[in-house]
Every structure is written in C-alpha cells, then in structure tokens.
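In what follows, structures are represented as structure tokens.
Here come two complexes built around chain A, the first alongside chain B, the second alongside chain C.
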Partner chain A sequence: MENRPLEYDYTVAKMFMFTTVVLGIVGMLVGVILAFQLAYPEVNTILGEGLAEYTNFSRLRPLHTDAVIFGFTFSGIWATWYYVGQRVLKVSMAESALLMFLGKLHFWLYLVGVAAVVVSLLMGITTSKEYAEFEWPIDIAIVVVWVIWGLGLFGLIGIRREKSLYISIWYYIATFLGIAMLYLFNNMEIPTMLATNAAGESGIGAWYHSVSMYSGTNDALVQWWYGHNAVAFGFTVPIVAMIYYFLPKESGQAIYSYKLSLLSFWGLMFVYLWAGGHHLLYSTVPDWMQTMGSIFSVILILPSWGSAINMLLTMKGEWQQVAASPLIKFMVLGSTFYMFSTLEGPIQAIKSVNAIAHFTDWIVGHVHDGVLGWVGFMIMAALFHMAPRVFKREIYSKSLMATQFWIQTLGVVLYFTSMWIAGITQGMMWRAHDEFGNLAYSFIDTVTVLHPYYTIRGVGGLLYLVGFLMFAYNMYKTMSARPVEESELQSASPMGA
Partner chain B sequence: MFHWLEKHPFFFAVGVFLVISFAGLIEILPNFAQASRPVIGTAPYSTLELTGRHVYIKNSCNACHSQLVRPFKSETDRYGHYSLSGEYAYDRPFLWGSKRTGPDLWRVGNYRTTDWHENHMKDPAGVVPGSIMPAYTWMFTNKADVDTAYAEQLTVAQFFSVPYNKPVPMKDGSAKVVKMGNSVAEANALALAEAQVIAADMKDQNVKDAVARGEIPEIVALIAYLNSLK
Partner chain C sequence: MGIAEYQAYGYFGLTAFLVFALYSYIYHLYSTDKKDGGHDYENYSNIALNDDISDAPVSPISDDKEK
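Our next item is the complex of A and B:
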C-alpha cells in the first residue's frame, strides 16, 4: 500500500471563500452607510431623491444584517467546513462524485438565494421578523440549501477514515441541527394566495405574501427564541468550530483540555436555548419566562468562557507567538472579544440593567463587539490560514495583515465604546424625571445628544471596512501574485502538520 | 459515554437535538393558548389599516420604532398605558421592534393626527427640529396594495378564526363589527371609503386627487394604520 498523505479537494471551499470576501464587503459597506445616515440624515438620499426609497435607512437595514449574517458569516462557515471537514475526517471530497456534486450544488443554489434576498429586501418584500425577513419562496430555497449541506455534511462523515469525530465536527453538526430547527419553527407561515373568498376568487394579491402562524406575544416569543439562538448557532457554535481547528493548527499547540471542551460543548447546547427570553424582559410574555431567560443568560457565561479559556490556555507557554504572528493575534483577540461579549450579554440580561439598556444603542454595541471582534476576526483568521494551503502560495503580505489587525481593532474599540456611552446616555435620559415628577427630556433631546457618538461609531465602522478591504486585497494578491509552492506549506510546529 | 458518542455520529446528532430542543418546548408551549386571546377592546385591523400595516413593514419602520410600552413610569408618562398581551392578538407578525431610534408607536393614535403625520412623513426635521428620520416622499405617490391586505384578512379569518364581520366586545360595553369584503371589488370599495375619511384631513392635492379617482396612495393607508394604534 502506498504511503503518502491525502490530497484534499478544495474546489467548494474556494467558492465559499470568494463569497465570504465579496458579501463581507457588501454587508459592511451597507453597515457604514447606515451608520453615517444616523449621524448625517442627508446620507439617506445619497443617490438622489429619486432613489431615496432604496437608499434610506429603514430599507437598507435588513440588507445589512442579512448580508453579514447569511452572506459573510455563513459563507465563512461553509468555506471552513469544506476545508476542515475533509482534513479532520481524513477523507477527500474528490473521493465521492456525489459529495462533490452536492457541494457545488450547495454553492450555486446559495448564490441564487443570495440574489433573491438582495432584490426582495430592496423592494421592501419582508416579513419584518429580524434575521428571518424572507418570504416563503425564499424560505423554501433556504431549506433546500440547508438540506443539501446536511447531506454533504453527514455524507462526508459517513465515508470518514478517522472514526472519532474531532471537536470542530461536533460544533458543525450542532450548527446544522440548531439552525434547521430554529428556522423551520420561526418561519411557519401561510401563503395568502391560498385563501378563497365568498365570491370564489383566490390567488388574490401578491403571490409571495404570507402571514405568520403565530400572533402577537407568541410570535415575539418564537421570534426571539429564534433570533437569540440564530446568534448561538450562527455566531457562536460554528465560530467555536473554527477556532478549535485553526488555533491548534496555526500555533502548533494541542488543545489545552479535552474535558473542558466537553463541558463547554454540552453546556452550551443545553443552556443557550433557554436564554432567548432576555430579549423580552418587561414585555407581555409571562414573568417566569423572563426570569428564566435572565437566569440562564447568566449561567451561559460558564460554557462560553469554558471555550474561550480553553483557547487562551492552548497558547500557554507560547505567548511569544502572539507578538510574532498577526494570524495568532487575530485568533487570540477574537477569543478575548468572545469572553468580553459573553460577559456583556449576561449583564444586559439582568432585569434591572435591561430596563436601561433595552431599545438603546448599547445593544447594538454588544452585537458589534461580538461580530466584529469575534466572528469577523475568526473568519478572517481562518481564511488567512487556509489561503496558503488552498492556493499553494504564501500569504502575499504579512505586514499588511498586521496593519489590518491594528486598524480593525481600533475600529471595534471606537464602535463599542461610543455605543456604550450612547446607549446608557439614552437609557438614562428616557427615564429621567424632574423635581415635579414630569419627564425631564422630550424624545428628540435623547436623539440629538447622540450625534457625536453616532459619528464616532461611523468612523469605527469605516476603519473596520478599510481593514476588510485590505484583507480582500491581500487574499486576491495571495491568489494571483505569489509563485506556486511545490508542496503544501508546513505549519508552525510538527504538532500543527 | 462521550467517547462512544464521538464515534457514532447518528446518536451524537440525536443527543444534540434532544438537548437543544426541550428548552423551547418548556418555555414556549405552556402559555401558547393563553397568549393568543384578545383583551376586550381589541378588534382586528380593517382593510385599509392592514394595508397601511404592510406599508409600515415594507419600509421596515420597525427597524427604528418599537410598539411595546414597558411597565415603567417613564414609559407610561411618555407613551400611555403599558402593553397588555391580549392587545397583540391580531398582530401577525408582531412589531415590537428591538431598537428605539425613534419613539414608541404602540399608542401613537392617541396623540398624533392625520395632519401631523402628513407633514412629518414629508419632512420630519421640519416638524421635529433635529430629527434624524428620513423623509418618506415616495409614499405620497406609490399606490397601496389593498388586494394583498384583503388576501391576508381572508387567510386569518379562515385559518385563525379572526372575527371579521362579527361583533367584537368593546371597553364601553358596545360591540364593534370590522367589515371584510366578500369580493376583491367590495374589499377595495371598503378601503376606499376609509381612505376618503383620511384624505379629507390631508393637504396634499395630489393625494386628494388620487383618492378622488379611486386610487389609494401608500401614505393614506399608513396614516389609517398609525391612527388605529391606540
């Protein structure tokens, strides 16, 4: 028997790397435009009065969230899956024509879905539910894409050589199952074209319109069970999958503790789903649900920090790598932002804090220190690690990478500090009463006071976007400018090979 | 056990699914029926109001405006009585929002008028100096989609027994009947009759002319919806 290392096939991984970069630019660019619209309302008519309907804040806002979630993040998740999956299961995509076909079908159908989403959101076709804005035809397309990924995922697991599933695979499986469950239940809706009236007319009105199966308080409960846990299974679980693979590989260090990874995985799975109620504190959902949401949010610190501490301790004794390698910097700061964000979230979920924080920009700040600092950094780090191995070329510029790191870190810090101040300022002003017991401020006072913070946030977002463009340029040059290496690039140490 | 699970992906996946699914069952199901019941005084949306609700959703007004008054003095002072679960029984989808870049709108019908909305939607900063809300000028020319709202009324009446054409108890002891057309033509006629009442209070001549011609601009439907929030 011939004794040579496996050759992996990265065709599908490359396709998703491409959409990660492109949709990342789109989503972040729209985000920066939105930020400046809040600071300078004239930006709403940036393309003139005639196109104002399509460039104003409210029409663009779902496009921003969906482009960065379902565009950038999910492309990143799949790019890494089609890379990591093969390597830890010790099987190549090229070994199965069916799996290769499914992988490509997955990508192309996904691309069709993305196009449909962009067009429909710009036209204002939306169900209004956050991160679930798509009407039923697109929902069906998303389910198909998801099932195809699932077939590929379990297919590859089915033909694996390495019998034991590595930690990253646990998290990819959980991502698949979690999103499937959440998405299906939150998008239960009835197409209105099915209704018939007394006159026998049917198919009335827009064919794509639908109405939610849940109403009012129930709808809110299901939506935030989804909304909160889509964050769990989109922004946490698959990103943890990435860091469990890429940090040990890049640093050459073994995972610090297997037991800690077990505890964090099963703990995260169990606890996360209960915490959705913290989006509905002081709303009309029953008090016991709110309290459960609050308590489980605080408990959630344990499994979240379990993963993050496991990552940081993996670097034990090797901290000089943080100074030496920009790629390690991204991952270590990513883990740190993860710890930071998973502490901030539970604080906001405490009822008395939530009374001030809810509906304010502090929440926006929280989301962004999580996604910019943790999700974004980790996905870029993963792609930086993959590129030399996928394209068989060294990274074009390490110094560009280091510059990008510092620019983006500054961007994130400006973003969340300004949003903290904005959120707490606004929350305190809303509730302030004067000595006669009347409201101290009219609502507009609490808007105009935010202008400087909105401006700083816009600058922070712009810096992050500039860093992302540097990332895109670096990736492009890596693909095209460097000579092809004879053999696959070796990792930092024998452990990482 | 964990080592065994890691070698058996099927059972691993089943295990994960069990662990992640029962939080939802315990938190969502027990209160489901209770939370669907309307309180007295809550009536379904009329054809034009529902059309306006679609305009609200189409423009993601919920991205900046909440529709949920929390039980704090500062909120009841500013917006009126705190929200009750049953008030939302006919809200599909719910529109509580998650961010108050602008004020809450759940009871805006109590303290703003058609005239105020008309001026404000055309030029927000002209009405509220310092406002960062964009103008929504296209709503004055875009035609509202009454048919889709009517299809939604039919759907909720058929599938969820929403009481259209039936008496609904009001707070003062009277009963209110929200009419739904028996045909597309009748639904449009009902919406137009409502639109004429709104347009009578408006200044924009193009809007008035459109309604006189039998057309309903989006702004008229939106104002009907906002006025219904009480």
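Our next item is the complex of A and C:
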C-alpha cells in the first residue's frame, strides 16, 4: 500500500468474467444439444442407452436455463457490477479490506452453489418449478450468496466519493432488491422430513426434498409472478444498467437525456411487477388478473422503449462509430433487439394473440431474440469493453470480433424466424377443426411439419455458440496481447487488427 | 355493486394514479432541473464519462474531499 497511487481493484470483476465465459459455453452448448434433440430425437441417447438418463431432453433442459440465467447472465451482472460500481462511485475496492473479502467470498460461495446446482440437476433432483428448480439446501446457499452481494453493494455505496448515484447504480440496486423479494416468496417450501402426510406418516422422502407452501392456482400465480419478474430483474434491469454505462463510455457520448433515463426507471419499476399474469391467460387464475397482466404488458412498451430509444439517441450524430467499431455494433444491435422483444412480448400478451401463441415455439422464439440479441450481446460487449481496462492490454483481434458479430447475428435471426413460423403453424394446427368441432390434426401431424424449422433453429443456435467460442478465444488471447497506456483507454477500446 | 365492479373501479383508480404519479415526476424533473438548489440532471452523465479514480466527482460527497 506504500506510495502507489490509488487504483480501482478488478480482482473480483476478473473472477466473474471468467465464470461468465465458462458458464456461457456450458449453457449454450447444452442449448444447442437440446435444439438438436428436438429435431433429431436420437440425440437423446447420444452417449448410449446406459447414459440416456443424463443426456435426455428433460434432464438437460433445466440445466440449460439455469446455466444461462444463473450462470452466464448473473456472472456477467456481477463482473460488470464489480467494475462499474467502483468507477461511478469513484471508490476502489482496495480501500476496504472488508469489501474485498466480501467480494471474494461472494465469488467462491457462488462457485460452490453452481457446482451443487449442476450436480443436483444432472441427478434429477428438482422441485420442478421453472427457474426455481433448486431444493432447499441450495436455496439457502443462494440466499447467503445474495446477502453477501448486498452487503458488498451497499458497503461500496456507503464509502463512495460521488454523492449522486449514477443511473446504472439504481438499476443494480433494483436487481438486488427485486430478485431478493421474488426468490424468497417463490421458494417458500417445507422439507418433506418435517411434514406429515394425510395418513399420518412423517419423515417422508430424502432429506433434501421439499414441497412448496403453495398449491394449485396459487402456486401457478406465485410461480409466474416470479418467473416473469426473473426476466425483469435478471434479463432487463441489470442489462439496462450495463448499457447505460458501457455505451456512453465506449462512444464517449453523454446519455441523450438523463432525465428520460430516470423516468424510464420508475416506469419500469411501476409496471413490470404487474405483468406476470400474462403467463396464465386462459387458466384458472381470476379473469381480472389475466386482463391486468395483458394491459400492464402493453403499457410496459413505454418504459422499455424509453431506455432503448435513449440509448440509440445517445449515438445521435455519431453513427459512423457503429460502422467503425464492432463493440458499438454489439451494443446498438443489443438495444435494437431489446426494443424488438419488448414489442413482441406485449403483442403475445394480448389475449386473442395469446390464444394462438401460448405453449407454442413462438414463445421460445421470443425468449431467444431477447436473450441472444439483447442479454448475450450486451454482456459480451461489456466484457469486451472491460478486458482492455482490467488486463491493461488491447483487445486481441478486431476482425475476429467483427466476424463473430455477423455470425451471431445470423444465428439469432435464424433462431427467431424459424420459431415464429413453427410457433404460428403449431398454434393454427392445434386449433383447426371441422364443422362438427373435430380436431383437424393430431399432435404428430404438427411435429412432422415443424421438423425443418427445428433443424434451422439448431443451426442458428450452433452459429451463436460458434460466435461465443470466438468471443472466449478473443478474451483469452487479450490477456497476452499488446499492453496499452492508460491514456489510450479514455473512451473507445483499443483493438488489435 | 358486485366484486367485478369494485375490481374495475379499483383497477381504473390504480392506473390513473400511476399515470398521475409518473407525469408529476416528469414535471418535477423538468421544473427542478438546473434551478438553484435543484439538480443539473444532464450533468450526471459525466459520472460515467469522467470515472477515473483521479477525476473530480461530479457532486462530491463532502466539501473537504473536493479537489
């Protein structure tokens, strides 16, 4: 600590950058396998009948969703938090041994949690609630990890030099609070060893099993209030935090309207929490709740577009940067895909549209234009921007980055277009009937028709994965690329040919 | 009046309240912008642009730390 000038300390950010890349590869690889399983069922037994238990679709699907959400995305959120947080609060983690310790503890406990999740999901241990599959011991571990992050987050805010909290910080705080509330309520569960069944027997099932405290319609309601808002506070809020920092910083442009960013923030907070009902249209949930879900989903376009347009306008007069820099391309396309999926979602939430869309592949298409085009692009862009600064080296290859951009964009387009066609075809075929009300098609008829589109989706996903591997390679090589001076890092990131 | 009407009125009221609150917020943002004692909101963008540890904070937490 002698006389060295104070510097930001990126130790923890680097750790989470590493898991972002590794868990991204794992999660997307599993996604590609799933996609080909749907097109070619033989892939379910690709490692032989003996291992089919571990390689079949149903075992792998939660592994995919949880690896990309809680692995890739949350690692990305934390990598950027431990980077952006220090910078906009103008305080270094090196200034507090306690915060440094909490940061590292956060990372290592998280890693233990990840390992427990992977093993238990592969073993088929699950509560069978989507995105909340973990049994109670893991839930408790996750809460501990979350609280440690919270202590670090508010601790850093507590010792800041910058009085005003930059807009990104608001979004990180909202992520923390939102997920904390959602996760606790949805995972209320009772270990079966403490429960007694109707016949009076107790101590049923393995020690790690539990039953939800909710049942029936209530369970569905709480689950989709959680599920939808996990999208809100995992895939939207923290990613908006990223773009509000990284796009202005990389382009050297001030946010087009800071006031609009504040307004959109509160708009998003007000509206998002009410929209989850759109997952339960035409179910046993009270009718008014369904209508409320639809209407709030439509209103949600406003705050979403408020942020997205604000970002695009930030580039006003600077569009040549989009052509010149692949890094800016990732962010501008990310923002565009954000607008796109926040328009598509509300359309799907309209009751009459939902009557066709529900349970079809169109929903899966919607999910992935958001997560691939927006979440994935933004996290990769953030890591690209951070790499030269945390490693003090230029990005290894600009052309590799540009190639990756085009390959992945093609991948995303193939993914969502094929799922649109597949989904709408499915929806129409399921509903078609003759004049007496007899269904016109059996389920297998739809499967036959959809086969080519499933293959296209698989290819699109594979392209995205290939692009992600190029990203991983570029990051890896950056660690040994040409060192750069501090002054080169002001705004646009230095990149090698 | 049955439950459906209560719901409808409640729902209308809630939406109206949200609209009112958000418009008031817009008004608040614009009316306090740059006034004495108010905030220069657009200047806050510089928190990200000038974020080196040696840069002066845009609004320092206390005067004695100000450069």
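Keep this in mind: the second predicted complex is superposed on the first by the 465 of 497 C-alpha atoms of A that agree within 3 Å, B and C clash if a C-alpha of one lies under 4 Å from a C-alpha of the other, contacts with A are read in each partner's own complex, and residues count from 1 in each chain.
Going forward, a residue touches a chain if its C-beta (ideal position, glycine included) is under 8 Å from a C-beta of that chain, and two chains touch if they have at least 3 such contacts.
None of the values given here were measured: they were computed from a predicted structure.
With both complexes brought onto chain A, simultaneous placement of chain B and chain C is permitted, the two fitting side by side without a clash.
Once the two complexes are laid over each other on the shared chain, residue contacts for A:Tyr214 go to chain B alone; chain C is not touched. Judged by the touch definition given at the top, the superposed model places A:His433 against chain B, while chain C stays out of reach. Greater residue coverage of chain A by touch, when chain B is weighed against chain C, goes to B.
In the superposed model, A:Val88 lies in contact with chain C only, and not with chain B. With both structures placed on the common chain, the touch criterion links A:Trp266 to chain B and to chain C. Of the two partner chains, both chain B and chain C are touched by A:Met292.
Of the two partner chains, chain B is the only one touched by A:Glu201; chain C is not.
Once chain A of one complex is fitted onto chain A of the other, the partner contacts of A:Arg161 are limited to chain C, with no touch recorded for chain B.
In this overlay, which is a superposition and not a single complex, chain B and chain C have their closest Cα atoms 6 Å apart. Chain A uses residues 163-164, 262, 266, 270, 292 to touch chain B in one structure and chain C in the other. Contact residues on chain C toward chain A in their complex (touch as defined above): 4, 7-8, 11, 15, 18, 21-22, 25-26, 29-30, 33, 39, 41-49, 51-55, 57-61, 65. Across the complex, chain B meets chain A through its residues 2-3, 6-7, 9, 12-13, 16-17, 19-21, 23-24, 27-28, 31-32, 35-36, 57-64, 66, 68, 70-75, 77-78, 83-103, 125, 128-138, 142, 145, 147-152, 154-156, 158-160, 181-184.
Within the complex formed with chain C, the chain A residues making contact are 5-8, 87-88, 90, 92, 160-164, 166-168, 244-245, 248-249, 252, 254-255, 257-259, 262-263, 266-267, 270-271, 288, 292, 295, 491. Taken together, the chain A residues at the contact with chain B in this complex read 37-38, 41, 44-45, 49, 52-53, 56-59, 61-62, 124-130, 154, 157-158, 163-165, 169-170, 173-174, 177-178, 181, 185, 190, 192-199, 201, 204-206, 209, 211-212, 214-223, 225, 262, 266, 269-270, 272-274, 276-277, 279, 282-286, 289, 292-293, 355, 358-361, 363-364, 430-433, 438-439, 443-444, 447-448.
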